[in-house]
């Protein structure tokens, strides 16, 4: 365990009978940005849950393997202890505290951090300049924010804890291109400030641009792993995750249709 | 559309031609979902009106609007996590079925017949969307992307005449996006229903949309065919950002 | 029902349900975990004491007495279930707490003829030859109480009389009494209905004050009485306050309210207090203290004892006439017309329509005597009470 | 007229006791969204400890121990029982508290037996009389205590992270855990606090004008339901206002009973519920409660 | 009883072909047993059973409302009261001790009582429609207090604190009273006869509720519980459905009330208090939210347990005679009851119904906890 940072060693996860991860090993060196790609159900979120110890909330459990952070073993800790250890996560699908105000959501984000009041204040300012809308809406209840605004809040909330390692589960989900770009810049920025990042992202182009290293999960197993640029070169990745750019809408659509069973109108309609 | 203080939608107007995909795009918080909420009766417009064919939707309760064949998928998933996908889809059939408390309670043959025929149709639609093998799984255990598909299927189960899609491909990988895009195109072509599409993935928008409306701060800043809109400087400034096109 | 076929028992005594060659089984449906727990506990313990002693001196009719106790915790379902369970195996019920429940099984009692002595003094329970109220009913008690206020405490024609009473059988029956008395002697009753959950009588006192009442009757629980008296005293509202038998518990004398109670509170009771210096009373006190050192000597004790001894007396009479069947027991009871339970009041059971006595003793709290009660007026029935037809 | 004033005052003072009880509900609801039916037995526990100790160690010490004791009981309930159910449906948890309540109440009433215990408070039955209006010292004390405690909690919730942690934990345990909230601690704390509050409430429930602590004391906890609800189940201010409203309604309904005979007598404990229903019709989440969201 | 239904449920969830045979045997065995009981058990047991059946009917009702539609109700006892007293008023002969009574044929009276309960539910549903969760729950508590107030004060209708007699039911010339008719040398009193009436009613109610839950209405109800707004957008008339369910569950309560009244032979106002409402909640939680079998199982437990504990209280461990300072039988049974409530929920998340579900699905899936719930 010489390598500090995050080390996941052949972790397997099951949700009851459902096997979600098989023998997954992965490493996030200090100060690195590592991306995880994978199709639906590949197990990306599961991986993050395993690291942040929130599997139990989904009736899942780590069956084999170990997870170390900064040389310290963290599987077996409670979720809140993991946070205390400096790992914070942006959960999939926003998960803002809908009934609390934006401001309180941000305060909640800072709960886990050991930082001083002033540190928290600074974090808050930074977050506000990143996402001005959150400052405007400080008093509004988070559940009323728009999808994207909620996403921003979710990211901002995680930033409030000023963690050592940031786990991002699809941070650009539902963000406008402009905003997605800004998130990307943010990730770079906090990374340069020394926070290492484990990035699960469907926007593979963006992910691979940011990451130094990337893993590709497929149905619960690591299918590919390597330096980001190598992966982005591999045509498997290009096809599945970067999407084939040079295809016209019409052709593509028609291909899809012919590939799919055509749905006939429903006869039973009166 | 106004909420304490802020104006989420400000005199927005656009028309969706039958059998086309009409994209509504715009920065976060521009008012797209609000627009959907107004269309589907969740919010009541403070001013202005919504017409659907010969019907005036403005003051209708949601279920009436749904009854007219307006279906939508939600930006934040709204699938009951513990119910099986099949049941969620059957719920989509609600407006097309008649069985009431009595009929269901007394298990009248009519109820059974109805149930059977509609389950059949649900299977078709699930297959069409590509989640037939998940029908018996509790929706909550599906990965995010497939839950999105399940929602789409549920909307289709309503046999809609107007389909409102709020970020249908969010959280999917590129090829899954293409597949979903194809499904949507397939819906338009094989059922010929009109679709309003809210999506941040310009690729998909460009592929699918026949017309595009761009909102910002609840106001309409552009309207037209995709290619034109894409190069509209206002849109680039407010939404796409330099170089982020395609 | 099947073993109802009466048999010739040993000693040529006809026996039936609940009576075997060597035991007489009596049912006890009590409440030791519900709202009447305080009463139920004392009554039951007293009755068990009675049984123990009777058996000690040879039992009745050469048979030992046996109590089968069921604690229904004032839950109607349990109560009815308890009755259904015990009825086929017991001769009768020496105790049944909760007049609504007694009412609930009344029909069945009439058909199976098993004697029931309810621990409730509501006139609504009268009328059945098999459900017999021991001592004066609440309405009579209230009449006597008011009579005392008028004779001794300067309450007079034309005055307003406050009546604070429980919702339910007890309170409403008492109210009948006060209404009747008011009509008789030109008073106006100011009603204040309360519930068992009300423990703070401040609002009631304020209301009564406003109405300018010259005396107050309280037909509620000890707590309410204590609160009422306390608040009245504190608010310099010193009109005489008198309560029904159930509106006092000696435990109260230990609390804040103690002094006020001793000063200005009276209680109407169907018999002399447990602390009376009759031989029976003295013996009971001694034995009870011995048997249950930890527990207070409240009126429940002698109520329970009285009921038990009445039952015992009836059994003895039935034994004489060689008929321990339910019918026999009933006949026997009807012949008892002047039985002194040892607490100063003679009981007359010859008329099923009437309570066994119309008299009440007026007591007043006193820390020094056992049971915390001493006599303020000897047993007596007001003429209004004589003329009053119960339940009417 | 001054009957009215007297009734009003009495209502307010009684109301402040209800407010204390309601506050207990609110604290637990905030932290766990559970309606706690075991609060009644917590009352009894607190009162019992105080009552059985004051002779030996003096009232104030006894009260402190009582508060501590009740807090421990509360914490124990959370630790031994509620914790096992985390994540279950809220109505399920409510039922569990009922089970707990049955257990505790049975035990405590068994210990209480037929006694009526005094808590040995310093105020006795002395009253403050202004003009023809008199109000018991105990009630003034209750009022002060309630006001104090509730302000304390308001401040605590506003200015410490505790309140945020509570609400986060209540709304989504998983996400809260991701924020580093120690779910166990939060709910444990909440239950302990609720216990302590119950002990204080028990004190004022059992002092003059009520004779003392005995098995029926706990029934008063029911009165706090309408209080907590009409104030808004998750609002401390709500608890106070709700308590006062209930107290006043009850007092007036009783005091003017003879004027309200057409509604049938003994409206005392019905009236608060009627008021509550009306308020809920106008404000479905109570006066100060957070409204339910309407956004998809 | 619950067993049978529970298995019935599986019959659906598992493949029919393979399962049917053993299941049907269980069905038949259970049925025969239940039909035979009156010939062997004495009145206490039959009465206990009847209480349980009535409770089961009520529990099914509240499970439709709270379990399946997510509307927490603590006012169930109120509707039971309406059923019970409604029956008395409709069927009772007027006049006797100043009680109003319409003296209708008893079976009509029963039907009317159920109807009235339903109407009462309908009248309350506008309020219910505005409230949610705990707020709704405690708002419904108001019903209890109103109910109690009326029961105690509207003397000429309710007979006040001592309640009023319940005229025995009579249908097809059979009168369900104690006038003994002897069947196979066994005297048939009220309980014996009512037993069969109870069985029929319970079976009917159970099947009806299952039909509702499995079918279109059930899905709509669940949707309302899980995501109200979405349900509306998908085309479920939310307000109407909530009202509908409220009416339906009130009717179940009403029927339960009628049956209870017939068993009690006297209505007792104290009975229809808050405790009863909470017991009904306990039933569905213990049995399993949202499932019919669960409701029945829960009802059996919650209503039988206390009676049995009381009956055998002397036999309970470490009890001592009253006065000796130890635990009295009554207290002991309270302890056990409380402990049972906690324990059942603790060890069977998803309620008793989940046992059945587990057995049918040994590899407990991620949501096996809830698999008792029909969704």
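For reference, chains read A, B, C, D and E in written order, and residue numbers begin at 1 within each chain.
The rule is short, and it goes like this: a residue touches a chain if its C-beta (ideal position, glycine included) is under 8 Å from a C-beta of that chain, and two chains touch if they have at least 3 such contacts.
Note that this is a predicted model, so its numbers are computed, not measured.
Using the average of C-alpha coordinates as each chain's centre, B ends up farthest from subunit D.
Looking at A-D and B-E, the interface holding more C-beta pairs in contact is that of B-E.
Between the Cα centres of subunit D and subunit E there is a gap of 32 Å.
Centres computed as Cα averages put subunit A at a distance of 75 Å from subunit C. A straight line joining the Cα centres of subunit B and subunit D is 48 Å long. Subunit D has its Cα centroid 36 Å from the Cα centroid of subunit C.
Residues of subunit C in contact with at least two other chains: 33, 41, 167, 294-295. Multi-chain contact residues of subunit D, defined as those touching 2 or more other chains: 106, 222, 265-266, 269, 294-296. In subunit A, the positions touching at least two other chains are 15, 18, 144.
Across the complex, subunit B is touched by residues 15, 18, 37-42, 45, 92-94, 133, 144-152, 170, 173-181, 202, 204, 239-245, 249, 252-257, 259-266, 268-269 of subunit A. Remark: subunit D residues 3, 6-7, 10-11, 14, 106, 109, 113-118, 124-127, 129, 134, 136, 205, 207-212, 214-217, 219-220, 222-223, 250-251, 254-258, 265-266, 268-269 touch subunit C in the complex.
The touching residues of subunit C, counted against subunit E in their complex, run 1, 32-33, 41, 44-45, 48, 69-78, 80-82, 84-85, 88, 99-101, 103-108, 111, 124, 167-169, 172, 291-292, 294-295.
Partner subunit E is touched in their complex by these residues of subunit D: 29, 33, 35, 37, 81, 84-85, 88-92, 94-96, 98-103, 106-107, 110, 222, 225-226, 228-229, 233, 264-267, 269-270, 273-274, 276-277, 280-281, 284-286, 289, 292, 294-296. Per the touch definition, subunit A reaches subunit D in the complex via residues 52-54, 57, 78-80, 83-84, 88-89, 91, 95, 97-100, 104, 107-113, 141, 143-144, 157, 161.
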